[in-house]
Amino acid sequence: MDLLEYQAKALFSEMGIPVLPSQKIDYPKDLKRLKIPYPIVLKSQVHTEERNSLGGIKFVENTIDAVAAAQTIFNLPIKDKYPVVLLAEAKYNADQELYLAVVLDPIVRRPLIIASKQGGIDTKTAMKSMQKVVVDQEFSPFYARRLMVKIGLEGKLIESVSYIVEKMYQLFLEKDLDLIEINPLGISPKGEVMALDGKVSVNNYALGRHPDLGSIAGKNISNNYAIKQKELKEIDHSSLSVMSNINVASSETLISDYRLKFTELQGNIGILCNGEGLTMATVDMVIQAQGKPANFLNIKLGDYLELKDRYQMFAALDLITQKENVKVVLINVIGIVETSDELITIVYEYLNKFKSIYQARIRFVFRLLGGKISKARERLLGLPVEVIENLEDAVSKAVSLSE
Amino acid sequence: MDLTRYSKVIVQGITEKISTQIALAMKSFGTNVVAGISPGEGGKQWHGIPVFSLVEQAVAKVGVIDVSVIVMPAYQVLDAALEAIASGLKQIVIITEGVPPLDMVKLLRKAEATETLIVGPNCAGIIVPDQFLLGTHPTRFYTPGPIGIISRSNTLTYEVAWELTKSRLGQSVSVSLGCDPIVGSSFIQWLQILDEDDDTELIVLVGEVGGVSEEVAASYISETIDKPVIAYIAGTYAPINKNYSYASYVINAIVGRKTESKIAAFEEVNIPVAKRPSDIPSLVRNSLEK
Amino acid sequence: MDLLEYQAKALFSEMGIPVLPSQKIDYPKDLKRLKIPYPIVLKSQVHTEERNSLGGIKFVENTIDAVAAAQTIFNLPIKDKYPVVLLAEAKYNADQELYLAVVLDPIVRRPLIIASKQGGIDTKTAMKSMQKVVVDQEFSPFYARRLMVKIGLEGKLIESVSYIVEKMYQLFLEKDLDLIEINPLGISPKGEVMALDGKVSVNNYALGRHPDLGSIAGKNISNNYAIKQKELKEIDHSSLSVMSNINVASSETLISDYRLKFTELQGNIGILCNGEGLTMATVDMVIQAQGKPANFLNIKLGDYLELKDRYQMFAALDLITQKENVKVVLINVIGIVETSDELITIVYEYLNKFKSIYQARIRFVFRLLGGKISKARERLLGLPVEVIENLEDAVSKAVSLSE
Amino acid sequence: MDLTRYSKVIVQGITEKISTQIALAMKSFGTNVVAGISPGEGGKQWHGIPVFSLVEQAVAKVGVIDVSVIVMPAYQVLDAALEAIASGLKQIVIITEGVPPLDMVKLLRKAEATETLIVGPNCAGIIVPDQFLLGTHPTRFYTPGPIGIISRSNTLTYEVAWELTKSRLGQSVSVSLGCDPIVGSSFIQWLQILDEDDDTELIVLVGEVGGVSEEVAASYISETIDKPVIAYIAGTYAPINKNYSYASYVINAIVGRKTESKIAAFEEVNIPVAKRPSDIPSLVRNSLEK
């Protein structure tokens, strides 16, 4: 879960990382009550890299220009996203700009602290001269000093920038972050440091123990995934209406979950599997058999993971079947024994209730391995679904039905 | 691998519904489940398994314990694992999904210092067909034999095992390392373990395009593994967005990892790569006949 | 540095350790604006063990009784200390009372968590059935569970009391405490837990990195060491007036330092040494030679420790010489080479300036080893001081002068 | 003791005034001070001593370093010591006073895991007369010979050394372990080190009534130390309030330590106890003549 710049900077400030005086702008008229002296910079609060090159950042010298610029930025979509908030910030006279970040390396399974002397707007340039230090044991400030020496800092800057890295690491730990980045860290001619822009990504697994971040997350999701949510609401009305039963909190997880695992494509076969590896394997096999996936979705179903939310399964089936282009749906579920009865019932109910809508348009292939396949066949008899145990056969069937 | 059917196994978090199911499935498969741990419920018997409040109480009662299978709520896993390590356990399987990555970093620092093997989190664990089960593999897909399976997936591992079983190629060990970004033991550790395992003649390595450790494994195999290896990488045709988060973009940029080159990495060192699960049995037979 | 109960409870509350609704009472009349419902308990906020047995705790049922009780408690000295604040707190119906503490063991050099099922007013009873667990490696909640099992808790209490210990340990670490104690932790018939009384001792070395605790410390010192401070002020006026040069912040450290190291006795030889071991050895030798120490004071002076504060040395000499009973002052300083000139100058100035006051009453013996002894002899010629290098000789001289 | 006059020594925090004095005093006594560490000042020469910003830079330049003498501000000591350990140093002397005790706990966990010897904090360090000095002992009080001194005091150690020197009883090693409540190495560790030291024939142990580890040492000596030991405990006559803090009251109550019994503890195991520093030389001679 990514924080917006102004949210990241609020965390920086709490932690003692210096940030410029700034003010959150919800409406252009807020600029009339600005407490920061001009000139200021107005920044679109969106989650993308190319905010500056796409016109999301403007320097202004007075209120009239500021209001006009704010109106422009509010109406400027950046990679399809409109900002809900702008940040008005004092200008800073930086002599030098550094890139600093803390991120977790899944291979060495340790946090890395990374830095570059080529900080600034272009992350790619920064990456080229990047140096890293693996935080092998518990963090201590010497790791930061090692990094500073590696990028060639000298004199008092070694300790003053190390201090910023130390604070970044502390935030990284305390808030269970996936990433914290300051780019650029401005250094004034006098050697003072200032976090001019920043990114914070919070780990989704850990959100539950950071209620403060959880509430920010809720806000961002409702802002930034507005389009996604709108789509989901449309499904509600046109078909199952299950989404309306899900309160805001759980629909967030659901959506952010789908955002990771649900992928839409141009074909006509919808694919729903339990397990990410199995999903990828199934999609591969459909493509190898000249089939064209319309989408694919990984939903967690296992022998010991309770099928705790029937609604979630209904919503998943809905997501898969929703689009006009879907002709066939391939469900590939493996290794559920205890819960297979329940799954069969769900599929039964789903197909039964909406037979009238889907019968004409969509055919189902239900691959079930390790569950009660004969029971499935019996139960689903007469519904537009083929129950198959062998994966190759199921894929062939789905592809031939889609042609 | 320092495990046999006589290895003493505990289940931490035994009195939760799911944990009980797992413990009983393990026990009915023949695993030597000697105790369950559940603070405040010590002294009870739970479906025939004695329950203790502390791991050290179980150790005091039954002697050295070989493995703990942890099925606790995600935020309690780190503490449970540290408790097991403090009580002298050297092998831990974490079934739970959703353990925060920085908890895993803490745990792995301690595990490395104490030479403790961690499998998981979010894994199906370890199965030795007809011997013992440490985790959640559905046992019906397995049959004993000479093939070792190492995988980052859960359900896909079952698919692969089932393909082998159908082709009368039994398995020596199958281990699912866990589907989370940060897991306790790596492909490399398990390649080493299975290379030394007398019952294993050939290793099937099941990876994913989204993963990051497969190509590291490829060069390791060519340099140090003597037994034949077959690789299968799911997701090579699927149009998957590998760098979906900014954090992984940064990581990949800084360490220069190219996820695209995974299959090439295996082919370069002459490791056969299966295109689909059903290819695996014939590739295995070819390799074994050489 | 010890916190008062109400200060400790404020920390507990921040950390999520449950405490009863309470209100700080600065004046008896504050009870008229009490926000807690009666019955309440009024507690004298002093640093001593025997508060209850000495009448510092009273239960009251209404405002009239409360005001009267408050007046009584405000005017009740407990071991010579008057409370500056009372705490008014709701009553709690505890079924069972536990003792819990975290403290650092200097031998095993690890924190201990300790607990007893016999908590309550009498710490000594609690001590008898005390159990401990050494926190050998980094803390994790299982250490607390081990302790709970050791004292024989069962069922849900294991986890609920462990949670309190976990929070106590977290405070212990975060605030660099020497001790955190909850006694008693009340357990209601329903199994809810409540910290009914608490102690927190902050490590003096670490105060500098806890500005929040530093400011509490300043307040407590000005309250509780009022007598000590008064004494010091008297010295100011009667002799050196150096204390008035020291601002509040530094006089605190000074005083709390003296509190640890300065000991007053009934004899007539004042003893000032550099180093605690040397001080004890010197006092031993004076007593062995039938001399009677009037006091002893350890002041830090070393070759590499700057004599950064002349005032501190003057104040130290003042403390030693202040009382009427002092006839001889033995200064025993060893191992200072670089700084011996400065020390000689200080002694010279001190004796010279106040010759008129002290000449008649007090004789000095100045033992200097490893400094420039001949220079000292030369410089201090004509002043009421004997400069001696050998310790045995210096002690004999001091004792004979005191007879 | 793995130290000789050729042992390579660095001083962390070298460019502070006091640290410089200490480094120069050590160097002029013959100690092999190979580098000073001071972040941001790397590359300079400081009174003839090369300065580096990082310990690892010094290691890269001069090879394995044997000892670090840390003279940093108190709140930076933990980090400096961890940096030294991470760079492979196995012996650290901390001169600084005022290191928070919980920083020491952290450091000691790491030091034990890495088998690093920590002396101090708030100590005069180690001196081997006419060979080398690691710390702040005034060298003029010492002369070479067969007596080892282990002490928790600083200035009282000098007094004892001077009494020995005046009586022509030279010293093999004198170590001041530090005056703070939590110090890195204990009496027991150093009794063991000096018991194994070829140049030491007899050990003088200097304790304080306020301390807590002396009686532990007494039983240890009787059980495992072969060389003669003389004890001197300051403060046995002085009316000292031993439990001045509530924290130490609780600690003493829970662990059942009686500070009063210190001298008895030594006498019980037939270790001669000096009544005053000037007694020590004759007790030493008596023991050596036996």
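Each chain gets a letter, A, B, C and D, in the order it is written, and its residues are counted from 1.
Quick note on the criterion: a contact is a pair of C-beta atoms (placed from the backbone, for glycine too) under 8 Å apart; a residue touches a chain by one contact, two chains touch by 3 or more.
It should be emphasised that the depicted structure is a prediction, and the values quoted were computed from it without experimental measurement.
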Where are there more C-beta contacts: C-D or B-C? C-D
Whole-Å separation of chain centres (CA-atom averages), chain C against chain D: 27
Distance from chain C to chain B - Cα centre to Cα centre, in angstrom: 55
Roughly how many whole angstrom separate the Cα centroids of chain A and chain C? 54
Nearest whole angstrom, what separates the Cα centre of chain B from the Cα centre of chain D? 49
Would you give the residues of chain A that are in contact with at least 2 other chains, written as numbers and ranges? 137
Among line, ring, star, complete and other, which one matches the pattern of chain touches? ring
What are the touching chain pairs in this one? A-B, A-D, B-C, C-D
Residues of chain D touching chain A in the complex: 39-42, 53-57, 78-80, 82-83, 86, 110
Would you tell me which residues of chain A are touching chain D in their complex? 137, 140-142, 145-146, 149, 154-159, 162
What residues of chain B sit close enough to touch chain A in their complex? 17-18, 21-22, 74-75, 95, 97-102, 104-105, 108-109, 136, 138, 140-141, 151-159, 162, 179-182, 206, 208-210, 212-213, 216, 234-241, 244-247, 250-251, 253-255, 257, 275-278
Help me check something: in the complex, which residues belonging to chain A touch chain B? 2, 49, 101, 103-107, 109-112, 114, 123-124, 127, 130, 132, 137-138, 172-173, 176, 178-179, 181, 199, 201, 203, 205-206, 208-209, 260, 263, 265, 273-281, 283-285, 287-288, 293, 296, 300, 302-306, 334-335, 337-338, 369-370, 391-392
